[in-house]
Amino acid sequence: MGSIFGKYFRISTWGESHGGGIGVVIDGCPPQVPITIEEIQAELDRRKPGQSDISTPRKEADQARFVSGVFEGKTIGTPIAICVDNKDARPSAYDEMKVKFRPSHADFTYQTKYGHRNHEGGGRSSARETIGRVAAGAIAKKILKAVSGIEIRAFVTRIHNIEAPFFEGVPTLHQVEANSVRCPDPETATKMIARIKDYRSKGDSVGGLIQCKVKGVPVGLGDPVFDRLEANLAKAMLSLPATKGFEIGSGFEGTKLCGSEHNDTFDNINGEVKTRSNRSGGVQGGISNGEEIYFNVAFKPTATILQKQKTVDLEGNDTQLIGRGRHDPCVLPRAVPIVEAMTALVLLDHWMADQSQCKSVDPAIFS
Amino acid sequence: MGSIFGKYFRISTWGESHGGGIGVVIDGCPPQVPITIEEIQAELDRRKPGQSDISTPRKEADQARFVSGVFEGKTIGTPIAICVDNKDARPSAYDEMKVKFRPSHADFTYQTKYGHRNHEGGGRSSARETIGRVAAGAIAKKILKAVSGIEIRAFVTRIHNIEAPFFEGVPTLHQVEANSVRCPDPETATKMIARIKDYRSKGDSVGGLIQCKVKGVPVGLGDPVFDRLEANLAKAMLSLPATKGFEIGSGFEGTKLCGSEHNDTFDNINGEVKTRSNRSGGVQGGISNGEEIYFNVAFKPTATILQKQKTVDLEGNDTQLIGRGRHDPCVLPRAVPIVEAMTALVLLDHWMADQSQCKSVDPAIFS
Amino acid sequence: MGSIFGKYFRISTWGESHGGGIGVVIDGCPPQVPITIEEIQAELDRRKPGQSDISTPRKEADQARFVSGVFEGKTIGTPIAICVDNKDARPSAYDEMKVKFRPSHADFTYQTKYGHRNHEGGGRSSARETIGRVAAGAIAKKILKAVSGIEIRAFVTRIHNIEAPFFEGVPTLHQVEANSVRCPDPETATKMIARIKDYRSKGDSVGGLIQCKVKGVPVGLGDPVFDRLEANLAKAMLSLPATKGFEIGSGFEGTKLCGSEHNDTFDNINGEVKTRSNRSGGVQGGISNGEEIYFNVAFKPTATILQKQKTVDLEGNDTQLIGRGRHDPCVLPRAVPIVEAMTALVLLDHWMADQSQCKSVDPAIFS
Amino acid sequence: MGSIFGKYFRISTWGESHGGGIGVVIDGCPPQVPITIEEIQAELDRRKPGQSDISTPRKEADQARFVSGVFEGKTIGTPIAICVDNKDARPSAYDEMKVKFRPSHADFTYQTKYGHRNHEGGGRSSARETIGRVAAGAIAKKILKAVSGIEIRAFVTRIHNIEAPFFEGVPTLHQVEANSVRCPDPETATKMIARIKDYRSKGDSVGGLIQCKVKGVPVGLGDPVFDRLEANLAKAMLSLPATKGFEIGSGFEGTKLCGSEHNDTFDNINGEVKTRSNRSGGVQGGISNGEEIYFNVAFKPTATILQKQKTVDLEGNDTQLIGRGRHDPCVLPRAVPIVEAMTALVLLDHWMADQSQCKSVDPAIFS
């Protein structure tokens, strides 16, 4: 249990918010994949703190380096180790948290489960842990794009109660990156940014919704029963800090339809089997059906707020706490590349599983 | 990838809708747990077909038997094998499905992925597969109850657009089993049953929501990062046929609150650290915090409907199909024990993980 | 830990010597592999009891049946379940073992570890458990043969102190099956059979050596570090009842050579890179090098002997025990197909791993 | 497949001989274990190059540092990352190996499997990789000692054909470390050292045998069937570079005994069930029986020798190669702490498995 994800493309992340650094070891990456540190860095830069006026002011360049597994610009099939140093750690800001539990944080559960914790910046529960995921995801994305033309695009669709109009098709990276909140609808983005600033000025925080769309997925990714594609996507998303929900295709709203309204009928479109509608969200029987995959992830408002809150201390005494440290008033903008990374890790794992089982034996050899 | 679930209490399910039978092998079950086949059967009876006038008329006693791993009424620590024979299989009802893909079913994806499939009753994609999960879950439930007083109760909270009022606390098994739709609010249940019958009479189907509540969970189940308790619950739920969404605690609606509204402040209540509210849903930082765990699962309307639908055949030609075979017009009532079983499997796995890591070493021995 | 083997072609065995039956569930088998129950049975018949006058007189047809995963004569990509009933169980022969520990058996360790055990015939520690391995191995063998022309041949090379001369190349199945002890040298076989009968007549037992040779293995199976091919072969062999040692290539004797004697120099033989000698045993750096793989497995003399032995009972009192039940005076002849099966499972798992990682991405797509 | 070992105490190693560094991530370590970098370093110092006049002259301090998972001197239950920098890398010494395959090395198999490799110092196939194992093993050893008084001691028993007399009981660390070859018999050690120097002076190398003895192991570690204790030990040992064989207890020689000679009869010794002899090597039915565990590991002579050898180049042309770089003329002395580390990792993993399954449920709670 814990810090290893994937069965074929296995990533093992390590590191804490204010320890020496953060990193990831990738075991099982195919060899001969050309990859530069700049490609990794481009994704990390989308995630790094201090990138805009609606993110935390903590200054971390989050500069990655390969320590093994890449030689002469290409992967060599053995473990890839990527490290990022923590540069702007200010553990003293967390002295109070050593003895007081922040509401809706992991302080109390970690302390009780382990009996000992790194209280500085939340230690392992810090979202800095996701650096390793994003770095690994960058490689996964590149492979998926090359082998199958798969494109993964996440974007913010709701902040607090400000909802963007439905986006037809898959937005471009440019459209998503055009504003600091990463909502491809410019007008809504402006309102969202204002809302985040408004709540931040009150020492408060907001949550919202991220949608992720994937195109180019071939028919066949995912497995029956326990490793359904949507099951692994759901696990991946709920493994992200601050997430409270996942829905694929028609999701929660679709359960209000009856079967004759909900079913996606098949059609022969130019010689290809396609569905007319896509309430399935690109997955049927746990396996991708070649349609666009889309799902939503719910993120709660940031738990750390700069207001006085009631809590208890290590001895169980009632006390009060005012949030300190540097935090995002809304996690969604920086969570966009993380959602993409986790999606890539799930898809690549299934793609490799498929290679091992379904693509490995040509039935013709038996005849 | 596939048919094995869990890392400590590992279940491996096998079987198809119309093959010889269905079963499960459990590896890692603690020894000396007293268990009778009647205890397994009681859970299977809640799941079996033909149990009420709103479920499929297929007649299966789903009689389970132990084939290994239980000796003189107690588990012996080695693999437990449980089998159920398929008695009322009518594969001929599926002759048409051999060449035509049922809309929103797994026919097309299985055929494309594997190039060969058991089309009878959906083969492995049939919900009959869940028999093995329910059987294993019965043992998991018993252990959880004994070691920690954990009680898991799922129930139907919405069918189509008929929603039950919020149920305070955890309903009793008796309250849930009091009606065939498994909604603990009798008035709503009556309406739900009528709605299901109404749609069935039209050859149509409906979906809805199941809520699951768990009490008695100690602080500490779940792991940071990838094996957060909610991540594994999400995976477990999305691995069930017909599910489209999962939300824990405040879920999707909670993302419309701001942080100061959403946070669960800590309180010392009679010497115990508790939270005043429970928008976290009993989990903080991926680890149970001792509060009630609750989550919702969205089930789509049954894909098989008895109406003529547009589809394509194996050669990709446009054609039509009228659903046959015997089916549930609504899967939720019978899914209630399955949701409980999967919840039990996730919780027991985390509990055993905790024993292996956190409870195994007494810090005092080092001093 | 326990009863699941393999990461890609995963087998989960279940069953006890005198319980309802024995079986295996295979998860991850490629689809569209044509397989008949007769092909499985042919391997099981080589392993079954009562097949000759030097094996146990227990009469078990060990008739296998597919319960799922094979449809219209071909695998369908989902779990294959194979069952064998126990027919000639005589649990009463084990009444004494309920309270007395057989020397060098698993009785004492199982009882102490689990606090409860199926004492009938050794329960799970019985070699009957290997039925599931042999059944799964039959499928693995067939796939390996088809995809790569891999042939696996195990045979007895020593019984007690009777050693067969070195066999050049790989013996044919016919040569191995030509006599009941499965030694391809007819003269030695005759002496071995006599030796086994001699010890059996004294109520005693003997052990010996099995060699396994594999030809047709392509360069590239196996992984660096923990999943070296020889590491997984060693685990597979030491997981068999009664084994005490494993050596590959030059093995223990080779450690008496110096480097200049031991190294296998490379040679270009008709355009192919080959080694002149093969002290490596077909594996270098944990990865197959295209040469013949060969290794030896040491089997101890059967622990159950029909002589009075000193032991203790459940309460720890000193007592005596005379072996009963029906047993092999030497396990090696029947272990030959089991060694082959485990070898096949290891090789197929590595072959599928290789497909997932090394064969899945064509470097050309990146340019 | 690859670079992750263990199911409960999972280690993931990374790094190459001449890359930026070497390290390990440990996932699943119990919390609150006091551990200092000095304790890790003490084990690494036993393994490091340049420690004596019979090891490689490469100068590496192999200075370890914790990068995460240890806080205020104690483990915190989350991943422990340990890094060691490569300081004395001289990759240019390997220029020739870029295009020529060293005999009995991993060059050819890596190149063929991956199509691309780090040829500097063997890259991932270098024994430098074992640094991560030794670091993780140091923590495992400490836990085993504390929870159960388990002591693991490996030592050299044969170099080339110089064999030490049988050592009664378990030698002390002091006895093993008293000489540079790590043989607890001083007289034999002197001869062994002379032999190694003799072969080194000829540009040649030698192999031999390491024995490992473990005392204090409680009854019950190990699992039936695939995860027998000896199976996992065998895998652990054969995963070490240069190993060719493993035998436990009576091993290969014991197969020449008959059952009545080989069986270990049980005895009540001062109220404890013990065996009079220990040909089982401390393991029965795959599970530790409370006796001393002992096994032998065969190491081949170092493949790199400083003599001209025949080989082929990347294009398959016949050529010659003279070994360069800095190498051990005999790997055994430095392999001693590595054998101990792997043994500790296997035992701790089984110990944690036992906690999760067998020690977790008190049968009394069901009554």
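The chains carry the letters A, B, C and D, assigned in the order they are written, with residues numbered from 1 in each.
As a working rule, a residue touches a chain if its C-beta (ideal position, glycine included) is under 8 Å from a C-beta of that chain, and two chains touch if they have at least 3 such contacts.
Note that the structure is a prediction, hence the values are computed from the model and not measured.
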- Note on the structure: For chain B and chain C, the contact-path distance works out to 1
- Overlap of the chain C and chain D neighbour lists contains A, B
- Between chain B and chain D, what is the separation of their C-alpha centroids in Å? 44
- Message: Based only on mean CA positions, could you tell me how far chain A sits from chain D in angstrom?
- Response: 38
- Message: Quick check: how many Å separate the C-alpha centres of chain A and chain B?
- Response: 26
- Message: Could you pull out the residues of chain D that touch at least 2 other chains?
- Response: 1-4, 7, 13, 28, 31-32, 77-78, 110, 113-115, 124, 224-225, 353, 357-358, 363
- Contact residues on chain D for chain B in the complex? 7-8, 28-34, 77-78, 143, 146-147, 224-225, 351-353, 355-361, 363, 365-366
- Item | Footprint of chain B on chain A - complex, ascending | 1-5, 7, 13, 101, 103-110, 112-115, 124-125, 129, 158, 160-161, 199, 204-209, 219-220, 222-228, 230-239, 241, 243-252, 254-268, 271-273, 275-276, 279-281, 284-289, 296, 298-305, 307, 309-312, 316-318, 349-350, 353-354, 357-358, 363
- Task: Using the touch definition up top, name the residues of chain B that touch chain C in the complex.
- Result: 1-4, 10, 12-16, 19-23, 25, 27-28, 31-32, 65-69, 71-72, 74-81, 110, 113-118, 123-124
